[in-house]
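This structure is in structure tokens; I'll ask about it shortly.
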Amino acid sequence: MVLPLNVLEKSLNKRISLMLKDGRSLEGKLVGYDDFMNLVLEETEETKEEQMKKLGTVVLRGNNVVTIVPK
Amino acid sequence: MVLPLNVLEKSLNKRISLMLKDGRSLEGKLVGYDDFMNLVLEETEETKEEQMKKLGTVVLRGNNVVTIVPK
Amino acid sequence: MVLPLNVLEKSLNKRISLMLKDGRSLEGKLVGYDDFMNLVLEETEETKEEQMKKLGTVVLRGNNVVTIVPK
Amino acid sequence: MVLPLNVLEKSLNKRISLMLKDGRSLEGKLVGYDDFMNLVLEETEETKEEQMKKLGTVVLRGNNVVTIVPK
Amino acid sequence: MVLPLNVLEKSLNKRISLMLKDGRSLEGKLVGYDDFMNLVLEETEETKEEQMKKLGTVVLRGNNVVTIVPK
Amino acid sequence: MVLPLNVLEKSLNKRISLMLKDGRSLEGKLVGYDDFMNLVLEETEETKEEQMKKLGTVVLRGNNVVTIVPK
Amino acid sequence: MVLPLNVLEKSLNKRISLMLKDGRSLEGKLVGYDDFMNLVLEETEETKEEQMKKLGTVVLRGNNVVTIVPK
């Protein structure tokens, strides 16, 4: 069985894409996380309604994340 | 009695479909879960307003899931 | 006094109907539950805006349930 | 001082009316509750936008209840 | 320092007014509360969009309360 | 490092302004708080859509507060 | 691995920008935080629908924060 946190561990230093509760999408390199699924991304790009914005390093509160997709 | 987590255990490596709080539907092969009903799906397909998108591996936060339907 | 979980226990293998937070109604045979009122239904039918859909076995997260009505 | 759970205890086998978060009103005989204020009602009637519906026995998740009014 | 629960204690048997998350206002005599700020009011009056309704005794779930104003 | 509760401690008996989740703003003298950031204000003024209302003493549930700004 | 709280620790006394659940953006110097990701900012500026407002010191409840971006 693949525990959800295992997928995060295997995705370290790889790019993942996230769907947030507020409808925004983020894509970035996962460099860290904790047990609450709070995440740290680097080289992050945000997409909202077709518009892209570079954000660099981002700390994300886990309770705002709906889906995490490793690339 | 069938505990909810038992259904997940029996559904391992089988396809399930999910209804999320934000109205999206996901279908994929369940490959893992934890006690919070965070889920790991593979070969996932997302459907929203009649449009389908292939997502591959997906980690899902349990608190965004409304219903889980084993196929 | 009738504890809420007692009602679930007595409803095992009987049909119940559920009202969910997102406005959907489900009706099915209750085959299991846990302390968080996560539920397992079988032979489930979903109704939304007058449309009915057969779902079979369904695992329901308790925090999405508003009311449980034994039939 | 009157603890909130005391009011529920005194209301056992009496009719109460409830206002839910989703705007529905329920009225029924309180036959049980637990520490989370999950409730069991019997001979329940639901009112929504002037329409009344008989529901019989209902288990209610406490976190959907806004106000409880003993009759 | 005045702890929030101290204000409730001092307000026992006095009238308070409440603003709820769903936009309703309640005014009544505070006769009890618990550590979760669940409240018991008596001689309660509800106001919503300029309309007043007498409710009598009311048990209020604390997580629906935004502000408590002693009169 | 300045812990969030330290800021509240230093703000005791001083005026603070609050932004609530429901869009209301409150300004008042902070006279108390607890570990959940439930707050007690005195000489409170509420502002909503340009309209000001005097509220006097107010107990605020911490989970409705977005930002606290010491004056 | 970079834990989310490590990023906050390294960002102490540096400017960060925040996206809140209610759509507001804040930018300020991070001077403190706690385990719940409650934050203390100084020299804070709020942006909402293209309008900027200076707020000075701000205490932020962590559960209102979606993303934290160190500058």
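Just so it is clear, A, B, C, D, E, F and G label the chains in written order, and each chain counts residues from 1 on its own.
In the analysis below, a residue touches a chain if its C-beta (ideal position, glycine included) is under 8 Å from a C-beta of that chain, and two chains touch if they have at least 3 such contacts.
Since we're looking at a predicted model, the values are computed, not measured.
The chains in contact with chain B and with chain C alike: there are none.
Each step here moves to a touching chain, and the least such steps from chain D to chain E number 1. Looking at chain B and chain E, not one chain touches each of them.
Our note on geometry: chain A versus chain D, Cα centroid distance of 41 Å, whole angstroms.
For this pair, chain A with chain B, the centres built from the Cα atoms lie 18 Å apart. Computed centre separation for the pair chain D/chain F is 33 angstrom, with centres defined by C-alpha atoms. Contact of a single residue of chain E with at least two other chains is seen at positions 63.
Touching chain E in their complex are the following residues of chain F: 12, 20-22, 24, 26, 31-34, 38-40, 55-61, 63-64. Contact residues on chain F toward chain G in their complex (touch as defined above): 1-8, 21, 23, 37, 62-63, 65-70.
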